[in-house]
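You will see two complexes here that share chain A, one where it goes with chain B and one where it goes with chain C.
This part shows the complex of A and B:
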């Protein structure tokens, strides 16, 4: 039976790659490989997954140097000469082996005021949002983020500027800026502007290149740059 | 530095980049045109002395450089050397002043 030679990161920030041989199977995903290692070869391997079908965003890892969701990444597409190198996501602290601490990643969503805040109560009627309105289309284009952290891991600016909010948090803020029901935009635009916000983005587009949902956080960030510049010129913050 | 100032600096760098795109093009075309028969100080001064249009063009060029370069350098220094805060802001402001003074001095020198 054909085998894969797999190097897997073991340890925390300091550690080493450990070699495993994993039986090659048809339609095998990278998550299948990691699962095989833990269940058949070394039960002490730590990794994180949940849905296995590309919905939950918890299984992202660095595969052969690139951040990817492992459940929907076929070994066929990424193995080079029958080899895989699997490491934790970059730009996040490593808890153990392939598990990163996502606390800072999600704290930045909160700092970007990524929480919806409306004015209506359950006693009010629904807000009518025309599906083909310009704002709704912009929100639609960015709304499917599953919070996997691939864009954050791929972003050079996050590596250079640890305070930078990052593509996912800014993308989330952009969906709310375009939400006709939200009432927090003035504070949100102030929160996502400046050196730690959207204006730090260099438009390298690694986030858009790597996003497994084919979203374009770069486009969302460009929208935020325009909106925040306009608000700053008007003296709104 | 407050967030509003950071955003205005970003806007200033974008606007100055647009100005520089035109100025650099005009400058390069002028260089190519000017050296077609060889290059001499007399020829340059003959074109610029007393010419208010060229003086105004290069004042604009110098102003755009003095705005654009320090803002870009501020980001580059912060990201490459983790230098942030008031010290960095003062340093790049000093660079802006130096670029403006040296550039305007040169413009004045070839105008008079």
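This part shows the complex of A and C:
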């Protein structure tokens, strides 16, 4: 049976790659490989996953140098000469082996005012949002984020400026800027307009290049750049 | 963990590198440019001797490189403005190809004029 030679990061910020040999199987995903290692070769290996079908955003890792969702990444697509290198996501603290601490990543969603704030209560009627309205289309283009952290891990600006809110948080803010029901936009635009906000983006487009959902956080960030510039010209903050 | 070149190896990142490197190179060239213009302040002869010196083939080739840098920086900047200020569409690789093509054409046109 063909085998795959897999280098897996062990340790925390300091550590080393450990070599494993994993049986090659048809339609094998990178998550299958990591699971095989933990269940059959070394039960002390730490990794994180949940749904296994590309919905939960838990299993992102760095595979052969690029951030990817491992459950939907076929070994066929990424193995080079029968070799895989699997490491934790970049730009996040490593808890153990392939598990990163996502706290700061999600704290930044809160800092970007990524929480919906509406004016209606449960006793009010539904707000009617035409699906083909310009704002709803912009929100739809960015709404499918699963919070996997791939964009954040791929972004150089996050590495250069640890306070930078990052592509996912800014993308979330942009969906709310385009949400007709939301009432917090002035504060949201102020929150994303600072040194660590949308204007820090260098348009490397690594986030858009690597997003497993084919979203374009760069587009959302460009939208925020325009919206914040317009709000500043109107003297809103 | 930090990313290495594998994470950065995609067209838009290369465009960023070209834009940044061309910008820094042009900024370094500017003092030389002003110094050359300043030769005219010392009289016609000073500028004339500099212009004769600049007729050397190696200097001319350096001028081609300069034109390439200018064209790359200009088209790279226009690409970013189009991406970020016009309505978003899936054209960033088309814009990149246009910027690269116009840069190459500008360099070749300048090179043809040298002969």
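Things worth noting here:
Definition applied: the second predicted complex is superposed on the first by the 237 of 237 C-alpha atoms of A that agree within 3 Å, B and C clash if a C-alpha of one lies under 4 Å from a C-alpha of the other, contacts with A are read in each partner's own complex, and residues count from 1 in each chain.
Just so it is clear, a contact is a pair of C-beta atoms (placed from the backbone, for glycine too) under 8 Å apart; a residue touches a chain by one contact, two chains touch by 3 or more.
Note that this is a predicted model, so its numbers are computed, not measured.
Using the contact criterion defined above for the overlaid structures, shared-chain residue A:148 touches neither chain B nor chain C, since it reaches no partner.
In the superposed model, more residues of chain A are touched by C than by the other of chain B and chain C.
Looking at the shared chain after the overlay, A:233 reaches chain B, while chain C stays out of its contact range. When the shared chain is aligned, chain C comes close enough to touch A:206, but chain B does not. When the two complexes are overlaid on their common chain A, residue A:225 makes contact with chain B and with chain C alike. Once the two complexes are laid over each other on the shared chain, residue contacts for A:157 go to chain B alone; chain C is not touched.
Judged by the touch definition given at the top, the superposed model places A:190 against chain B, while chain C stays out of reach. Of the two partner chains, neither chain B nor chain C is touched by A:139. After overlaying the two complexes on the shared chain, residue contacts for A:67 are found with chain C alone; chain B is out of touch.
Comparing the two interfaces of chain A, the one with chain B and the one with chain C have residues 225 in common. Taken together, the chain B residues at the contact with chain A in this complex read 1, 3-4, 6-8, 10-11, 75, 78-80, 84. Partner chain C is touched in their complex by these residues of chain A: 9, 13, 62, 64-67, 87-92, 94, 141, 153-154, 156, 159, 202-206, 208-210, 216, 218-219, 222-223, 225-226. Contact residues on chain A toward chain B in their complex (touch as defined above): 157, 160-161, 190, 193-195, 197, 199-200, 225, 228-229, 232-233, 235, 237.
Within the complex, the chain C residues that touch chain A are 1-8, 10, 12-13, 16, 80, 83-85, 88, 92.
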